[in-house]
Each structure stands twice: as structure tokens, then as C-alpha cells.
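Contents: one structure, followed by commentary.
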């Protein structure tokens, strides 16, 4: 019952977001000695991993079981990566835009599904962030890297900011479809600004702990 | 109500498959500075990880909670690995056969459990592949390697082929026990042929993407 | 309806345990080029990961969705790590004590929740061990290390021993609150003794398997 699931152009953005997420998985898998099937799975996990974890936590059926379009879109992404390779990535800005729109959309879908289950707003915000960003974390675990999310850019924080904006709108009794649009645009705006101006959180420096070490690591 | 869960020899193959899966986990854990308990856990995750994820996705109780035999079989596998070491692996061909039979069996169990829940056939096929192959992926994540599944051999694809064969049989109204047998043999046959003739999917070569990089990684 | 959830001092130990678990995640994340947000997430996963997996397996709502105190405590842990750094870790012994009390408490919470769901005692013991120790495993996977749990000390085994003691008490019809106290103290005692005297399980040596290799890895 949300603009996100009703309007046709949302379906298009959903697929574009899925495509861009899958491509990011396939791209990071390349050069890791991974075969086509592995690349497909890593692309798929990137695209549907966040929503699947959300659905497991909400105790509802994983969304992709009801509709094969996510698996097919990932297949199209793999095909595109195989056929166009470097050419595909020359459209880096376009892909980044899809990825960012996907992030905004996935976040709102996550919030909206959690609201339907009747969760408190702070849990909904977390579910939005999990929907948007956990796929990338699983992708990095599978290709054996420390998740990019922990090291770079503003990503999950953009989801959280969008979630907060959503509930501010809610508080001011703004209609649900409009709230969703404003929240999604917030995610997209923050993400673009963060990448454009290289905004990053400070790195946590090494904690030197002779005492703790003595106790625990010997 | 399937041949897989009824017939006695299926129980034997189930345990032999579990044993072989556990041994593959314990073997890969060895030489990674892992202690006996760690080896047991990695063996266990290899053996029951796929079925556990399937049951989480299907929203049913994890299968191993109803029957201690999987935990006990893994314990026997650890004992065998400690006592017989190299000797055990001289029976490499036998272990490989158990592993492959296990793969076929686990795939069918996954499909059959998903059918019981009323899922569409393409989801059942995926559940069969998850049941058969996710344990090995979790094993590789735990020992900090890029999953073998993504890099080598035909493994999950054999599960998927078996699943497709199952539904072709179904379409032709072949009796369920017979369909299951044919599908399991398909998985086993493809896996053996793939290993015998070193069949592999092509590797995804590095995608060089100056544009994308410029946008995302700086 | 357990002493663990009723008595006030249990709530305090719950938060101290959460704090110590979060600190262990944040400490291991430091020096890995991880930013503040990443450190928060890794601390959070360390603190709530075990209980979340338990709740997924038990098919109940993840515990942290009902109470924001776990997320807030993790935030306090991050703040403490940023503000006090080395100073914080000079209290290594105190942190270790919190961590160990947390381990004992989390184990009993896991067992008690599983009993409420009506699981057999051996599954309850496993759920106790998962509650106490899986957070640390997920932490290590996220920072791209082979889990410490597999390599060092007696950790999950202390949880299992505590679980066995719990059911021995149960068998002798000792009152539930007293059983819980005895079981928690068992976990704490074994863990402290293991660290104090550097007790460790034997390491699984490399298994050299030319035959197996020939069959599977070429």
C-alpha cells in the first residue's frame, strides 16, 4: 500500500537498482579467479542479500521467492558484464546513479515493510539500513575483503538519515507516499554529496593495549 | 512422504553424506592453526549449514534440532580424522563418492521440503542447490578463503541440473520416488563427470574500469 | 520467568556484558582501517550477533528489537573507546571480568529461551553456546580473520560445560534460579581458569592427502 510498491516507475527503479547492485558485486568478483557462476551468485547476494536478511529478521518470506525478476535481472547484469566489460564501466556515472537510486528505494522498502509488521520506528530505520547496505557487506565477506562499508564513504549512514527524515515527515503527518519520496531523495542526496566531496567518517586508530593483550591474547 | 525420508538406505546415505561433508570441512580446517573444537564446528557447518539456511528461508525448524545424528556423525568424522589422518585420505575416491552421493541426496531433500511448503518450482530448485552447496561456502568463509564453489568445478550447477530434471519428471507425471532417484543420479553423474574431465566454467577476467573507479573508489 | 530476566542485578550484568562484548569488537576493528561507523557495527554484531542467530533459529523476534538498550550500550562502548583509548584498556582485567560474566549470562539466557520454546536439552545447550560465542565468530568474519574461537582458549566449550551443569541441576530437581546461577558460575569459572592457566585444546595438524588432492583439487 505504498507508493514504492504501487507506481510503475518504482518497479523500473527497483530493477535498475537491482541491476546496479548486481553489477557492483560482479565487478568486485572479477579478477579474484572467480568463474561465471560464482560471479552470478556474488552479484545476486549483493542485490538481494540485504532484503533477505531483513525478511528473515521480520519473519516473513524472502521477497525474491515471490518474483523471479530479481534473479533474472542479475542474470542480465552478468550478461552485460561479460558482453560489454570495460564499455559498461565507462558509464560509471550512470551505474553510480542507478546504485544510489536503488539504495534510496531499497531503504524505503525496508522501512515500509517493517512498519507493516508493526515495529517501533527505530527498528524500522535499522531495517531500512540493513535492506540498503547489508548486500554489499555479504558481497565483501564472500570475496574475502573487510567490508567497504566499514572503511569508506557515507553509505549506511545515508540510509539511516533517510529513515529519520521519514519519521519526521510521519510526525508532521505528511502523507505516506510523499514521506517516502522525501526520505528516498534524502538518501540519494546524502550519498551523492558524500561521494562528490569525499566525505568520510574518521578512521578508528589502532588501540594499543598492553594490559588487555596480556590478559587475553597470550 | 518421499523415498528420501522413508527408505532405510536413504538414512545410510544421509549419514555417509554428512560424514563426507564434515570430513571436507575438517580437512580444509587442518593446517590453519585451528584446534579440535574449531575443526568440529567447521565440519559441522559444512555438513548442516546448507540445510539450516534452507530451513531459515522456509521458516521451518532447522532439521538437525530434531535428531542428534548429524552432530554425532560429525563427531565421528573428527575422531576418524584424528585417528587415521593420512590413511583416511588414501580413501580419497571413497570419500569423494560419499560426498557426491550426499550432494545428490541433500539436493533432493531440499527440493522436497520446499515443495511441501508450496513454493514455485524455480524456488524449490534454488533451495535444493542451497541445501547441497551452501555448507561449503560457509566453511570457506569461516577459514577465510574465497569460496571454492565460486572458483572450481561444477558443483552448485549439478544441483540445479538435478532440480530441473526433477521438475521435468514431474511434468511427465513420473512417480515422486522415481523422480527423486533420477534427479539425485543426475546430480551425482554431472558432478562425477565434471571432476573426471576437469570441466569448469570460464573465469571472469578482471574488469578494468577507470571511470567507475574514479567515481566510486577515490 | 527466570532469575536472569527478573532480578535487577542481572540487567546490570547484561549491560556490562554487552559493553564488554562491544569493546572487544571495537578493539579488534581498530587498526584495520575501519571508520567509526564500521567500528560501531562490528561492536554491535559482537554484542548481539549470537542472540540474534539464536532467535532466528528459534523462530522468535530478535531480542534487541524490543529494547534499544543494546544499541545504546554499544554506542556508549564506542564513545568510551574513542575518549579513553589506551586508558580504557588499562582496565583489561575489569573488561575481561565483564566479558566473562557476559558470557555466563548470555549462555543461560540462550538456554532458558530455548527451554521456553520446548526444545530438547541438547539443543538448548547448543543454543546457549551460540548465544555466548557466535557474536565473536561473526566479528572475526567481518574483520576478515579466522575466528579466534577456533584457534584459542576455552570459550564455547565453557558455555557447553555450563549448559551440561544446568541440566544436571535440573535432573536433581534443583530450583531453576539456583540452577541458572550454578551454570553461569560454571561458565565463568572454566573461562577464568582456562585463561589463567593458558589451557587450550590441541591444534589440528595439517592433513597431507595426496590421494584426496588428486581426486578433488586438480
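What to note about this one:
The first chain written gets the first letter, and so on, giving A, B and C; residue counts start at 1 in each chain.
Just so we're on the same page, a contact is a pair of C-beta atoms (placed from the backbone, for glycine too) under 8 Å apart; a residue touches a chain by one contact, two chains touch by 3 or more.
Just so you know, these numbers come straight off a predicted model, no measurement behind them.
Seen as a C-alpha superposition, subunit A sits on subunit B after a turn of 120°, to the nearest 5. At the subunit B-subunit C interface, residue numbers used by both copies make up under half of all numbers present, so the two copies contact each other through mostly different positions.
Rounded to a whole number, the gap between the C-alpha centres of subunit B and subunit C is 28 angstrom. With touch defined as above, residues shared between interfaces to two or more other chains in subunit C number as follows: 56, 59, 141, 144, 152. Partner subunit B is touched in their complex by these residues of subunit C: 56-57, 59, 119-120, 122-123, 126, 137, 141, 144-147, 149-152, 156-157, 200-218.
The touching residues of subunit C, when paired with subunit A in their complex, are 26-27, 29-39, 41-42, 52, 56, 59, 61-62, 65, 68, 71, 81-82, 85-86, 88-93, 95-96, 141-144, 152, 195, 198.
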